[in-house]
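As written, the chains take the letters A, B, C and D, and residue 1 is the first residue of each chain.
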Amino acid sequence: MTVRFAILGAGRIGQVHARAVAATMGAKLVAIADPLAEAARKVADQYGCDIRTIDAIADSADVDAVVICTPTDTHADLIEQCARAGKAIFCEKPVDLDVARVKACLKVVDATNATLMVGFQRRFDPDFMALKRAIDGGAIGDVEMITLTSRDPGAPPADYIKRSGGIFRDMTIHDFDVARWLLGEEIATVQASASVLTDPAIKVLGDYDSVNIILTTASGKQCTITNSRRASYGYDQRIEVHGSKGSVRAENHREANIEIANASGYTRPPLLNFFMSRYTAAYANEIAAFVDAVAKGGATPTTGHDGLRALELADAALQSAQTGHAIRLSDKA
Amino acid sequence: MTVRFAILGAGRIGQVHARAVAATMGAKLVAIADPLAEAARKVADQYGCDIRTIDAIADSADVDAVVICTPTDTHADLIEQCARAGKAIFCEKPVDLDVARVKACLKVVDATNATLMVGFQRRFDPDFMALKRAIDGGAIGDVEMITLTSRDPGAPPADYIKRSGGIFRDMTIHDFDVARWLLGEEIATVQASASVLTDPAIKVLGDYDSVNIILTTASGKQCTITNSRRASYGYDQRIEVHGSKGSVRAENHREANIEIANASGYTRPPLLNFFMSRYTAAYANEIAAFVDAVAKGGATPTTGHDGLRALELADAALQSAQTGHAIRLSDKA
Amino acid sequence: MTVRFAILGAGRIGQVHARAVAATMGAKLVAIADPLAEAARKVADQYGCDIRTIDAIADSADVDAVVICTPTDTHADLIEQCARAGKAIFCEKPVDLDVARVKACLKVVDATNATLMVGFQRRFDPDFMALKRAIDGGAIGDVEMITLTSRDPGAPPADYIKRSGGIFRDMTIHDFDVARWLLGEEIATVQASASVLTDPAIKVLGDYDSVNIILTTASGKQCTITNSRRASYGYDQRIEVHGSKGSVRAENHREANIEIANASGYTRPPLLNFFMSRYTAAYANEIAAFVDAVAKGGATPTTGHDGLRALELADAALQSAQTGHAIRLSDKA
Amino acid sequence: MTVRFAILGAGRIGQVHARAVAATMGAKLVAIADPLAEAARKVADQYGCDIRTIDAIADSADVDAVVICTPTDTHADLIEQCARAGKAIFCEKPVDLDVARVKACLKVVDATNATLMVGFQRRFDPDFMALKRAIDGGAIGDVEMITLTSRDPGAPPADYIKRSGGIFRDMTIHDFDVARWLLGEEIATVQASASVLTDPAIKVLGDYDSVNIILTTASGKQCTITNSRRASYGYDQRIEVHGSKGSVRAENHREANIEIANASGYTRPPLLNFFMSRYTAAYANEIAAFVDAVAKGGATPTTGHDGLRALELADAALQSAQTGHAIRLSDKA
């Protein structure tokens, strides 16, 4: 079976997914939608697909699956529309910035028996997958403590920050998902500290740029997350998992795998500087996993529930940073 | 001027300091004291020094400085006795497990104008010193966020744990001191999570084996500390400091600097497995710094105040772990 | 201008180049030729191109460039045929195993003014390109001494070895080309040592599996090459260049960028095990560079002359290994 | 039994050995000899030993062993004098720069049944010892090919070079000894290339500064040595051994074990810059091994024969570099 795709949104991430769909065996790009005619045209020309409106796509018999790459505030509505239209749905995170809206949306997904995958691409990074396989294969025994380090090369523009829901919902949300994926147990409490160290403008916007979070499970496993909006040396993305029998870590990706030695020392290049180049393989793997799930009718590796839980953790972290209290999560989403 | 030393306590750490004193230019080991005659004899034979009682040492005109290596619960009394006797004092951490007792002891130190150095050897590790110099030299700009990782190869015996004051006062106390040293600003709040993951016996003793702490300063700088009493791969001691212009980290020390490659991959040896072999150079540097301060009459690089602050942070961390609340420290010790 | 391609030979490397052509902007795959109908069909189906005979391709007005991926003993004839037919030619190394035949072939290329690029893909590896840029940018001063390490995971089958021309012409030839590329000066003398250490069957075939070579230029720059047909830890491909002001090296590529620590030590995965996965990016870059040269009418980055010189070095190395004498190369090819 | 030592020569290396003797259990420094009264006085004061003439030392009943740290051209005579006086002898390499003189000297050593250890300190470096243990323990199977890299931070003064016997006898001699130690088989042929790249003054002195050597054993094992008198990044000392089942390498030592990351990349400090700081532990281990051999009456780990063989390899390398021919060594020393 070939899964026939439409992409909703021809922006930066829409183009990434269009390329992934085009390159995936068993997938075919049928249509692209975007209010900007030029953006849609560019994708259509490159991959030889139609340009259609979103409504037309929802009604298209020759479209099996959609990839939602539109602005965040449209995600929940589009998920509901496509779910009702019987499409399999891949949606970029988050489903929505509001937990109640997410829950309402997921009810529609459940009611329509729709397939929904929320895009947490880090789970599909080859190195992180190798790390997960090492853990699952028993290489480190029982997981005990995890250290996640995520630092952006620089803060996004003020306009983006305003609509982002804040650092916890925009940036840390990926780490929350990775933490849940690796801990293998739901998180019971969240403690967080947040401050503004890189740019006072971020404070004016009511957001933070430097945060640390401790997540603790009922059995006492712990995960720390350290995030910064500034890293002069590139896009810093590391995982270290400590277990009863050992530890495993995934290292950063550099611009090139060389080292120069001179009187100043031994220097390797900075890190890849952009999430799209760092996670190129992850984006391709993610779409391949979605195609596989749709073609075989199985569960998607990441779900709407995963999107909801990550958002709840973000809300809890914000509350902890503001009150200084450890925030307890109910076990039910 | 040669600084003439007596060592109080001929146990494991007393022997380390005896060797350091013997090897330090400008220092001379005059006497050793220990209730176990055999232990004292061994040191006396090796370094050609006298065996005296502690009281005799306090009264000895040919002793300028003492190194207190006796059990923790004797530290404060011995500091007071030696301070009154006009000796310069190097005391292993902690001064006492009780903050009030420490404060009373430091009053005596102040009143007698005694020189007191508390042994936080990590500040004297050559790698950590190089890291500190890099920061002070501006290599990473302003310090923003610090990650300290300290993991012991295995938990100490139950008897030790009982008398240790718990993991925060016994193990994390070194990280608290390192955090203060590197942050360059007093810590305002402490958040901690603690659990027992390695051995239920530790729970029975009322202690923890796995803890994470977030320290935050008034200006919003943050430091995370991750501690475990178990690390199959050796004694894990790492520092990473993230600043406005870059980051610097100090790596672990291995048993040997080799790598074996075969069909299973590329393998380097485990870490040094014991704090005394890991910090050999630090112990020597620490005594040299003390000798230098005594000889020149200057301030010691670590003080009784440093010992007190680290203990207060340990108390705050314990309170936070037990209540889930961020604990605020007053700015006065 | 779009460069219209035909691929001669639909085997393993033909498929690699077909994919590269398909993925390169400004290139279009028009036809595939292979005596095995099934192999040709597979490529034609995948990329939507014609199946034609080699003679038909030579006569095709809609083919601008050919990629020769046929067996080595056909290369020279096909280069001549395609050169006379006015096609731009990309040919896998070597042009031929016999220096006289190569020279005759290159005369035809010259006489027909044909564009000929010989495939030395290592020059197009992103890491090696970064290393070359570092050298050209002055990072290490003047190049003085180079160390090239190339080890195959295992020896090829006996049938391949018989037709290969021996380890120097088959395997070391890539290192000879890299040496020339990086030394920036022609090689004056070759010294080599060769033995059979991995499999006596290789000795029976009159070949070697373990060789070391020293190349020296007229000004005294030196390059050592170490080759083995066996490496349990994967496909070992390293370059280290030592210069007057520093040194630069390119590291190996691993299966994943993780490290596992336990009581046995710290282990990273083995190296990528296959030249095609190791040099995936290089193969793509190589074709892109050829397309660029053809489209713009400029010189190709590697030429028939480069192919000839590498072969002459291989012949000299073999002679040195057999006689023990340093072999002097004339400065004219 | 305590081995009672005299040191002949109170220069730089004599001081290193005096310190090693003083720090070694079972050894005692009894006397120092040096024509410069001040130099001898300094050592005598520091370690509390006598000052005696060399002749007096040879006649001293309270001296069991001597360490010869005098200029090279006195070594052979002093070895003979001390051997006849019944002393155990540790002599810095080389015994002499002339093979015939070395052979004559070793005849006296044999005739007098004297214990003679020639100082090849690299065999006692903890990392290289760990590498050797890995090989002996079967970690890499049979040794096949070795790569030795030794680069000095800078060339010695012209005066030293004049008396040194040239780069092969002065610098490469250590690599020749390491090669013999690790190959586990005598070397059959030597091929070498040598040039002057760092300073024309070295050419005027008839010496080289940049050399590569291939050593081959009768069974076909090979070792390459690359040497340079210039390395801007410090004292470069690496070993890589490739075997039938894997490979093992020993890495360089840095000034500190830290890494700084910023917009320019990730930088580790340069290497230790001086052979005495790089090989501090090796020098101590070497003397301890000598003391052990003398105390137990066993064979020394390195012998006069080892010194002779390394010198013969140096001579062969020089001859090969001058003639371009592979030089065959007889199997008898």
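Methods note: a contact is a pair of C-beta atoms (placed from the backbone, for glycine too) under 8 Å apart; a residue touches a chain by one contact, two chains touch by 3 or more.
Predicted model only: the values in this text are computed from it and were never measured.
Peer 1: Does A-D or C-D have the larger number of C-beta pairs in contact?
Peer 2: If we tally the C-beta pairs in contact for A-D and C-D, the bigger total goes to C-D.
Peer 1: Name the chain whose C-alpha centroid is farthest from the C-alpha centroid of chain B.
Peer 2: Chain centre farthest from chain B's centre: C.
Peer 1: Where the CA atoms of chain A average out and where those of chain D average out, how many Å apart are those spots?
Peer 2: Inter-chain centre distance comes to 58 Å.
Peer 1: Return the distance between the CA-based centres of chain C and chain D, expressed in whole Å.
Peer 2: Here the centre of chain D sits 42 Å away from the centre of chain C.
Peer 1: In chain B, which residues are in touch with two or more of the other chains?
Peer 2: 232-233, 245-247, 261-263, 269
Peer 1: For the complex, give me every residue of chain B touching chain A.
Peer 2: 142, 144-145, 147, 149, 151, 189, 191-193, 195-198, 210-212, 214, 216, 219-222, 224, 226, 228, 230-233, 242, 244-247, 324-326
Peer 1: Along chain C, where are the residues that touch chain B in the complex?
Peer 2: 232-233, 254, 261-270
Peer 1: Within their complex, state which residues of chain D touch chain B.
Peer 2: 126-127, 130-131, 134, 139-140, 245-253, 255-263, 269
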